[in-house]
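Two complexes are shown next, each including subunit A; its partner changes from subunit B in the first to subunit C in the second.
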Partner chain A sequence: MTLLPITICLLIVPLAGFSGYLVRLLAMIFLWVGKAGCWNILSGMTGYIDFGAVGYYGIGSYATALLMSKAHAPFLVSVLVSGLVSALIALPIGLPTLRLRGAYFGIATLAFAEAMKQIILEFDKTAGVRFFEGPHGITLPIGPGNEFFYYFGFGVMVVVIAMTYWIRRSKFGYALRAVREAEQAAELAGVDTLSAKVKAYMISAFFLGLIGGIETYWLTYITPHMVFDVLITIQMVVMSLLGGMGTVFGPAVGASFLTVLYELFHRDFPYTYTILVGFIIVVVVLLMPKGIVGTLRKR
Partner chain B sequence: MLLFLQSLINGILLGGIYASYSAGFSLIFGVMGVINIFHGEMVMLGAFLTYWLFTLFHIDPFLTLPLSFFLLFVFGYLVQRFVIHRVVEAPPMISYILTFGIHLIIAYSALWVWTADFRAVTTSYSGLNATIGGVIIPYARLATFGLALIVVAGLYFLLKKTETGRAIQAAAQDKEMARLMGVNITRTYALTFGIGAAVTGVAGSLISTYFIIFPQMGLSYTIMAFCVVVLGGMGYIPGTLWGGLILGVVQSLIATYLNAGLSGALTFILLFIVLIVRPAGIAGKGIVD
Partner chain C sequence: MKKSKIDKPILEGKHLTKNFGALVAVHGVDFSVEQGEILGLIGPNGAGKSTLFNILMGVYVPDEGEVVFKGRTVSGLPPHKICRMGMAKTSQIVQSFKEMTVLENVLVGGLHGKNLRLREATQEAEEILEFVGLGRVKGAISGSITVPDRRRLELARVLATGAEVILLDENMAGLNPAEVEEVLKLLMEVRNQGKTLVVVEHIMQAVMGISDRLIVLNYGEKIAEGTPAEIADHRKVIEAYLGEKHASHRPN
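Up next is the complex of A and B:
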């Protein structure tokens, strides 16, 4: 097992006197691994491409922001409630959309996430209240330092990876992969594909909401444009694709690679970074569609 | 009453704009099953082509249309032939991700080269209107509406009446069988993509004469094209007119009587409901599976 030493190393990094920058960078990577992992649980395993995953991240962000700033709820409670709210919203959204096939599911989820953003942007003005604060955004109480989010991010990442590992080996995971390979055949063989898909969708939404809450507390200020940014979904997709869709460690590899690339290029050459990501996508799709982890494992 | 009529006319003209740049999207999806995420970038390229020809050489925007058609055709043909065609046998999701990668490359290369500045093509006749009984009709938008009708009718004619069109239809219905009947699938697909790109580029050229253009405008056009095409029925070309008109009129009425910001939210809610209740579109003639 190479995982144990890595885990121990990662656990002592913040205590070992490394620079705050490294702690911050690693915490960011953990949270991206978590997000990409969430996307991977539904889309990587079933092949249903969710273009609206950021919707649940945004819902979680707003739930935490509202609970902490307006109800003065403690962080842990807010974050857990955020996950639950996301999962509960995922149920009525998932039931109809997951019956749609392929392209239609992608468009419907994209429409869902965009609609959520627009609703939060316009709700206050339309209803004449001050609740979501529209485009002005919400400011949260100042939180603890980077180490706090380092450990939270690490915890979430471990849970998401363990969850993926467990799902892949369970009967539930086989149902999900059957959906990807031959959905109609799976249905004929007696697999309740809709229920499997909805469960995966809700699990993914729960953790996305949770991560949204954690990052909101870290950022201390959010607007609808920030937390419903379609680029967040896109990063999740690219990270999973690059690492290997449907694999346990694929999203972790993809997210680490892309976050480091982002740190290296984005500040000085923001456009180059995005163009590079575009080329990576094209090359990965054309030359190694199974991603880094999938390609290595085949050998 | 005048307000309502004006709002209705605005909506119909807006619908024409939507239809003009969505028809190519529907064609490409209908034939190849590709959801083309860089569709909006083709609108952007057409718009910038017109902008530069107008700004540098003072060529009238309407005279740039044939060039826009030709260049975007070549672009679409080559991209399909050498990139997208390589994943033609892969599951459809692979093609979304691939076209998404191309979207990033084009949009951000354009941003790099042309910067994020907002630009506009202002001709001597920009802003000229016809006024009929108090209702204002801008000429440029009326021209786009005419273009939308020509594009839809032209594509319809092409598909139904010409040899190439029948080959495209055959390829769309049953790729293997069409191949056995002697249709060159690779060429037909590339041709289809080229035609889709060409009409989209022309729509972009016209749009530059009354909308602000900037390198990152593409994604929002792609999303609107999604909405229009879903409403009208995916792959059903005349449906883009219906989809465009419904969306245009609904948005215009909401903006007039409620709140312009809400029209975005309601568009997506409408899209979401139509997808679930009636995935084949309003006319019920779209491709469902």
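Up next is the complex of A and C:
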């Protein structure tokens, strides 16, 4: 098992006197692995490409921001409630949208995330209250240092990966994979396809909400444009595709690879790094259509 | 085979009608199947056989009429519920879970159709694969096996759901005579386990040989019903298949 030494190394990094930069970078990677992993639980397993995943991240971010700044709730309570709120909203959204196929599901979810952003932007003005604070955003109480978020990010990452591992080996996982391969055949073989998809969607939303809450406390200031940014969804998609859709470690590999790539090129080529990263993504996808993990596993 | 007992049929279609826009795919079809029977369903292309199967499985909701399975009206229920009640079908166009192994394909049926735990389902799936003769490829990715093997895989998955009534939609299409012979043998064994079969098939010899009773559809309507011998001589059936000219040579 190579996982154990990696885990131990990662656990002692913040204590070993490495630079603050490294701790911060790793914490960012953990949280990206978590987000990409959430996307992978629904989209990687079932093939339903979710373009609105950032919606649940944003909902979680705002839930935590409101709870901590307005209700003075403790951080742990706030993030857990954020996850639950996201999962609960995912139920009425998932039930109709997960009946749609292919591109229609993608468009519907994209519209949902954009709608959530607009609601938070315009709600106060429309209702004549001060609650979401519209485009001005919400400031949170100053939180603890990077080490705190390092361990939290690490914890969430481990839970999301473990969850994916468990799902892939469970009855539930077989249902999701059957949906991806041939949905009607799955239904005819006794799989309650809609319920399986909605469950995966809600699990994914729960952890996205949780991660949104954690990152919000780390950032201490959020606006709708920041936390409902469609680029966040796109990152999750690209990371999962690069690593290997539907695999347990694909999102982890993809997220680490891409984040490190961004950091390296950003430092040396501050103006052209996105072109370089884009080029590398194209090459990897062409050479490894099943993603890094998906391709290596086949050999 | 004579049906002297007045048992309730295990599966009944009552005046089933399904339209797609202006096209009447199935029109007022009545039929019933007894437990343990093999019912053949024949008719020219486009006669409504597959549509009828899809109505029975809940893929389509009939515009009129109802499906009664084990004494319960099932039309309107989703396919997975009907499957869990004990009816399953193979698809005309093979629909395997391509990237999953042969064993995993069958597992899905046991896990969800029969609601088994992973362990029991695995054990049953292995037995079923041996039974249908796929034991040797159980670890292969199902997208990579041959067409005859894929047909068997469809049957294996249906068996894994624990179905009592099995609908076979052209399960022998694309097979050579020797392979057809093997499948027929398999189906007789399945029947001997007490299962009820409804078979749609274009290979006449096969369906005539195996069925206790036949129903003939043409343009969505039931035009004949009877034993294989009766059907082979039926004027309307010959007309539907070969045209009026051939039928007119025969007495009705």
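The rule is short, and it goes like this: the second predicted complex is superposed on the first by the 280 of 299 C-alpha atoms of A that agree within 3 Å, B and C clash if a C-alpha of one lies under 4 Å from a C-alpha of the other, contacts with A are read in each partner's own complex, and residues count from 1 in each chain.
By our rule, a contact is a pair of C-beta atoms (placed from the backbone, for glycine too) under 8 Å apart; a residue touches a chain by one contact, two chains touch by 3 or more.
Fair warning: this is a prediction, and the values are worked out from it, not measured in the lab.
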Touching partner for A:A108 - first (subunit B), second (subunit C), both, neither: first
In the superposition, subunit B vs subunit C on subunit A residues touched: B
Contacts of A:L188 with subunit B and subunit C, given as first, second, both or neither: second
Touching partner for A:T7 - first (subunit B), second (subunit C), both, neither: neither
Which of subunit B and subunit C A:I275 touches, first, second, both or neither: first
Which superposed partner A:I234 touches (first subunit B, second subunit C, both, neither): first
Contacts of A:T139 with subunit B and subunit C, given as first, second, both or neither: neither
On subunit A, the residue positions that both subunit B and subunit C contact, one per complex: none
Complex interface listing, subunit C residues touching subunit A: 57, 59, 78-80, 83-84, 88-89, 91, 95-100, 104, 107-109, 111-115, 117-118, 157-158, 160-161
Interfacial residue positions of subunit A with respect to subunit C in the complex: 169-171, 174-175, 177-178, 181-182, 184-194
In the complex, subunit B residues that touch subunit A: 29, 33, 35, 83, 86-87, 90-94, 96-98, 100-105, 107-109, 111-112, 219, 223, 226-227, 230, 234, 258-259, 261-262, 264-265, 268-269, 271-272, 275-276, 279, 288-289
Subunit A - residues contacting subunit B, complex: 47, 49, 96-97, 99-104, 106-108, 110-112, 114-115, 118-119, 121-122, 125-126, 230, 234, 237, 241, 271-272, 274-275, 277-282, 285-286, 289
